[in-house]
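The data blocks that follow each hold one structure.
In the two assemblies presented below, chain A is common to both, partnered first by chain B and then by chain C.
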Partner chain A sequence: MTRVLSPVGGRVVGLAGVPDPVFAQAMVGPGTAVDPAREPGRAIAPVSGKIVKMHPHAYVVVDDEGHGVLVHLGIDTVQLKGEGFELLAAEGDRVTAGQPLVAWDPAAVEAGGRSPICAVVALDAPAEALSDVVEAGSVVQGAELFVWS
Partner chain B sequence: MSERNVRIESKVGLHARPAALFVQTAAKAPGDVTVAKPGGQPVNAKSILAVLGLDARHGEEIVITADFDGADALLAELEALLSTPEPENA
Partner chain C sequence: MDKAEAIVAALGGADNIIEIEPCATRLRTQVKDGDAVNEPALKAAGAFGVMRQGTVVQVVVGPEADTIATDIEDILD
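Take a look at the complex of A and B:
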């Protein structure tokens, strides 16, 4: 069982609240999304495990059960080519849940005309594998977003 | 066994959006579908984790392999996905 933590603090909007149909329709996988507070922050690892993919705007951490969680910081942020994002860990690193991985500023992303909403997605998981999925309300960084069994 | 080499035209490479479409298409297949970089270890094309982990970039070539009746049609569909650049604002 994997407890998946919120990489950022803010307001939970659910995947349906992501302004990108691929995420909103759960095509990448089931999960939820958080509209982050508009202040510079450091996005954290949602689970303990190994960073198997580290981009400035997105990362995947796989835990010891093989559960891979994707955190995507903002929408279309791949177009920023890393500008405004500072990596605090490297691909291949073992990290603990809650460890800061990327420093960024959601307000700056928004000022650039993009949504800073963060999708938190369970990769290769059927929707039924997730429980206690938070879909609304405010959330503090590190609070539980869903449980993956 | 059918195999195809395809160049990735998506500007962002085989990442979130193109990867999701790719995996969703591959997942319809009745048999195994794998994807690899040339000379690299093939990974399960039905796994979004595996495909994101492959980290195939724009302009890179990948090899898609499938082995079942109708594999050619599926490979053609996957090739069409990868060789179509997304619209500028997609």
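Take a look at the complex of A and C:
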């Protein structure tokens, strides 16, 4: 069982609240999403495990059960080509849940005309594998967003 | 045919692809002729979904997008 933590603090909007069909339609997996507080912050690892993908604007951590969790910081942020994102860890690193992985500023992403909403996705999971999924309300960084069994 | 080859074929072949760029979850491609893109074939090649706006085609392949894009660029070169 994997407890998946919120990489950022803010307001939970659910995957349906992500202004991007790939996430909103759960094409890469079920999960939820958080509209982050508009202040510079450091997004954290949602689970303990190994970083298998590390982009400036997105990362995947796979835990010891083989559960891969994708955190995508903002929408269409690949277009920023890393500008405004500072990597605090590298692909291949082992990290613990709660460890800061990327420093960024959601307000700057929004000022550039993009949504800073962060999708947190259970990659390749069937929807029924998730329970206690938070879909609304405010959330503090590191609070549990869902459980993956 | 491996995944990269199958995706290139489904996008209308190497000659139809102007640009391909990986994102965390998808391949963002620009093609010459949008009608030459075969959506069922993309899904058969392993795409979770396909989004099209004219000649811009986004192929949702999951976090392996960067690896697949590298393989596709090898085919295109």
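A few remarks follow.
Rule of thumb we're sticking to: the second predicted complex is superposed on the first by the 149 of 149 C-alpha atoms of A that agree within 3 Å, B and C clash if a C-alpha of one lies under 4 Å from a C-alpha of the other, contacts with A are read in each partner's own complex, and residues count from 1 in each chain.
Just so it is clear, a residue touches a chain if its C-beta (ideal position, glycine included) is under 8 Å from a C-beta of that chain, and two chains touch if they have at least 3 such contacts.
All values reported here derive from a predicted model rather than from experimental measurement.
With both structures placed on the common chain, the touch criterion links A:G68 to chain B and to chain C.
Touch criterion not met for A:R94: it reaches neither chain B nor chain C. Shared-chain residue A:K81: touches no atom of chain B or chain C.
Once the two complexes are overlaid on chain A, the chain A residues touched by chain B in the first and by chain C in the second are 22-23, 27-28, 52-53, 55, 58, 60, 68, 70, 72, 78, 123-124. Contact residues of chain A toward chain C in the complex are 21-23, 25, 27-28, 52-53, 55, 57-58, 60, 68, 70, 72, 78, 123-124. Remark: chain C residues 21, 23-26, 28, 48-49, 51, 58, 60, 62-63, 66 touch chain A in the complex. Those residues of chain A lying in contact with chain B across their complex are 20, 22-23, 27-29, 52-53, 55, 58, 60, 62, 68, 70, 72, 76, 78, 123-124. Of all residues in chain B, only 12, 15-17, 19-21, 24, 47-49, 52-53, 55, 89 touch chain A in the complex they form.
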